[in-house]
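Given below, in the form of structure tokens, are the structures.
Next come two complexes built around chain A: one with chain B, the other with chain C.
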Partner chain A sequence: MPDATLSPWTMSYFAVACVFLVIGQGLMAAGYGYPFAGVDAPETLALAHLLAIGWLGLLMIGALLQFVPVLIAAPLRAGRLAPSVLLLIVGGLLLLAGGFAALGGAEGLDGLSPGMLPLGAFLLVTGFGLAAAMLASTLLSARALPLPARFVGLGLAALTATILIGAAFAAVLSGIVASDLLATLLLHGVPFHAALGLGGWLSFTAIGVSYRLLPMFMLAPEKVSGAARTVWWTGATALVLVAASVAVVFLDAEAAKTLLALPLVLAFVAVSFYCVDLVRLYRERKRKVVELNIRASYAAFAALLAAVVLISIPATRAAAGEGAAALVYLFAFGWLTGLGLAQLYKIVPFLTWLECYGPILGRIAVPRVQDLVNEGRANFWFGLYYGAVTAATASLFAGSLPSFRVAVAAQLAATLGLMAELVRARRLSSVKGAGVPKPRLFLPLSRPQE
Partner chain B sequence: MNPAPRDINVRELDVRPILSSGGEPFQAIMEVVSALEPGEALRLYAPFRPQPLFKVMAGRGFDHEAREIEGGDWEVLFTPQPTSAAVELSDDAEDPETWPDPVEHLDLTELDPPKPMVRILAAAERLEPGEVLFALLSREPIFLFPELTKRGHQWAGNFDETRTAFRIFVRVGKARG
Partner chain C sequence: MGEAANGALCEEIREALRMIIDPELGRNIVDLGLIYDVSVEDGGIAHVSMTTTTKGCPASQYLKEAVRNCVWYVPGVEYAEVRLTYEPAWTPEMMAD
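Let's turn to the complex of A and B:
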């Protein structure tokens, strides 16, 4: 029998993820990491992982725990592992960040040491490995995988590749493994690690999820278009090529870097078709007035297109600084974080509504989902957020450190504003005469789901 | 010309020009087949009876109906086999075919979630135990299923052939937990 219940730990994942987003933006506003240090400086690596694993990774796993069963109408496998996975990932991330900080000269401070890197990597491999196993075995239990689920499946494969490469880096950096082969990987493999993580795992999964959520909330037809198939094939080919290029690194590192040009072209094609499809979905929608979460998502799609177009043009790629940092910033904050915040703004009220009012639906009048939020205020925060991301990206292009800090501070303020809105939704603050017990803010569901 | 069954959309492909110019039509045929929407049929014209294709198409879920037309050419109509998705049942739903006719019909295809769920649960509250309601939705209401079960209602539902609408019967239970 197909059914989906509320994922008891999803809110906990979301809450921890939000804390890491605040920490990461706070560190940048305080002048920590790039552009105040080099792109490959240990401080930047600590910061990048706090955001990529702590914020984006936990957000995505938390969302998938709820979403994968919905996608294939089958219960989650081994769901009881969810709290252990959360602890493993958070513990591993803190060790990893501490190890990087130690490499950056904070050694001796509070007992930080580079030896924390492999231990952190071990916990992260275990945590993400278990998460990928839970989600993949759930996907495999489906009779047939719809296209969005295939995107998620490939995203999980990219996640596995990303963490394994990262674990190899950690082993070399900490000095516990002295292998020429792995040292070569560390010297040349960072772009692959980043491409698999941000492009493969996070973006591919997000695209898959969007293919299900957007038609649902805009009331657009859910048919699989030719464009969606093109996105799948070009994107999947790009990912396989990136993964294959990692092996080439061992043979000829320069050739491997040249090989990255082809997946970049394919990614450009995939994103172009994705954007064409997004416009089609918007045009074919039956719901004339779309909600804020959809408008904020389309701002994230615009950031994705801008980042991919600008990184494909050699002149703008060169102007974006070391490792195209300004464009990576736009990709991480405009596209991934923007979409993440936009979807949180829908998912948190929706799940809260279901948790609180599900048992009494139909028996007495209950508020609508949108009664749990105040779109006017959130509209302001989303506007501020995207404005700040644009300003921060422009500051990185211009190499202006003071204006970058101001922009990140504004971005942080907007994020905090949105999080306050999410807390208000959880607390049913906007609902008059609630009449139901308030849910727990981020701890597992108080009402057992059978 | 073979009549198209019901009112389904039929695409046409004539591979005679490809063959007469010495080309190999298989790829062109498969491209058209891959581009068919769910429920769409394909009418193929060929200079011979394309026997090997029948098996390939059967593997893809198409029946065929071939007939010779003038000039010794052949016309084949490939129609999708009726593939209504399997009926999903709540654990306690025995023999839904013996349920009484629905007393209430709801078309909820134009509503965004979670409104369909609210409407079905509210309708179920209005009915007497044993009565049945029917609802049409644009997607599978998987958050609704556990809520129906908790309230002691039985249900049976499936997607239509094009997988664009989900049909569900709900029989109201006695236990109003």
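Let's turn to the complex of A and C:
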């Protein structure tokens, strides 16, 4: 029977993603983008895309290259495209960010120009398109898709829609396309672009993968519960409605915005059932001692619930600033980034273990995956991280720019601390005694699994 | 090989397999219930039926290879054949207390 193998490029995706997270948080701490500029200012758009594509997008693609084969117990299709996809996305993102910076007044600086936007969008459409094709064709090779894989499949569809809408925005912003229809989409379609990207692509996919990873790591029953089915149906319906509303934008933009209320209610229902299911999984787990990656993941789930509840209440949504920015921040950093960091803290040591100790297993005594990390230090960094995210969100609600910068600086420090822990795991720093050759830090596997 | 000797060799194989741990859970694969069956034919041909905690796990092939290597080094074993199966699927209830 064919099995999933180690994905040789996943670690490279993770490393590049981490660099973009540091750059994004560093820019915010330095006073770049929202709240130091408007939510629709070019600086904010540059920052948002560095984080959404550079950090979250690359993190998710890198993780899926490894986990989609696990979800369906089949090998990855066209895996040789992984390095090209990485280069296309990074190249496209840098051009896109440069184009936004030019729109923000940096035109002429080091050759920046709005003309970089469509070229960047072209590379991003190509890169994400190839990634979606690799992953979707792998999913389609399964005879029947288990529920977690269905979440990923719909997430990939949302990714495709997000990228295509974004490419249309880039074409209009750069001035290479003069179309009233696309201008209307640019004026009114940003909430749909954000909802499909953050809610559809990143969140729906993360929820799907979590339905496989959490039972694995906690030894909880892998049965598909009624709550999980409800999450699937309500979430999928919400996403289809958001996508359909994009078409309504061309007919009646205000009506399309009103239509967003229904997907929001459905998202609230989906997240509520998801949280109920997460509590069930935790209670039914056989592994009594819960490791740090799980504890940190549950903090991210709490942030998801808080963000969705608060955005569903008109008063808190209005108090969250332009475009509910404070709640979008909580969603992006508390939920998506928090979960991403928590899972990196498990996946990086796990893949490192397989790379270093898998080939000698059964010949000599080997350490556990858990022996590659030091939970005490990482526990502190995760605590600081979530405390800083809470403080930054509160600062945005209060409109306090100085305290926001301090909170983001603390968030950045925590992120760097966690990344240092990941490097220590890669370097096998916590493993005592003579061992095996250290793996490459982030370059592809030196010894691909056969 | 007599039945008693055969049983003793199977037990030796199980004992040897205790040095292999599941990397994530940190417990040996015998106590985790991942070894479904061990048998030895005349001539020292050992057959092991095993599973992993998760179907499709990237550690599966490493574990299978580790079991094959480990069994082969047990005195009295001339050849080792390992079969990875997910029928039945492993559940946490299969772990020894």
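The working rule: the second predicted complex is superposed on the first by the 449 of 450 C-alpha atoms of A that agree within 3 Å, B and C clash if a C-alpha of one lies under 4 Å from a C-alpha of the other, contacts with A are read in each partner's own complex, and residues count from 1 in each chain.
Heads up, the rule we're going with is that a contact is a pair of C-beta atoms (placed from the backbone, for glycine too) under 8 Å apart; a residue touches a chain by one contact, two chains touch by 3 or more.
Source: prediction; values computed, not measured.
If you put the two complexes together on chain A, you find that chain B and chain C bump into each other. Of the two partner chains, both chain B and chain C are touched by A:K286. When the two complexes are overlaid on their common chain A, residue A:R295 makes contact with neither chain B nor chain C. When the two complexes are overlaid on their common chain A, residue A:Q66 makes contact with chain C while staying clear of chain B.
Residue contacts after overlaying the shared chain place A:R80 against neither chain B nor chain C. Applying the stated contact rule after C-alpha superposition, one finds that A:L354 touches each of chain B and chain C.
Of the two partner chains placed by the overlay, only chain C lies in contact with A:Q370; chain B stays clear of it. Once the two complexes are laid over each other on the shared chain, residue contacts for A:G226 go to chain B alone; chain C is not touched.
The residues of chain A shared by its contacts with chain B and with chain C are 1, 3-5, 69-70, 73, 216-217, 219, 221, 286-287, 350, 353-354, 358-359, 361-363, 366, 369, 449. By the touch criterion stated above, chain A contacts chain C in their complex at residues 1, 3-6, 66, 69-74, 216-217, 219, 221, 286-287, 350-351, 353-354, 357-359, 361-363, 365-366, 368-370, 449. Across the complex, chain A meets chain B through its residues 1-5, 69-70, 73, 216-219, 221-223, 226, 286-287, 350, 353-354, 358-359, 361-363, 366, 369, 449-450. Residues 35, 37-38, 88-91, 110-114, 117-118, 120-125, 138-140, 142-143, 145-147, 149-150, 164 of chain B touch chain A in their complex. By the touch criterion given at the top, residues 19-21, 23-26, 53-63, 65-70, 84, 91-92, 95 of chain C touch chain A in their complex.
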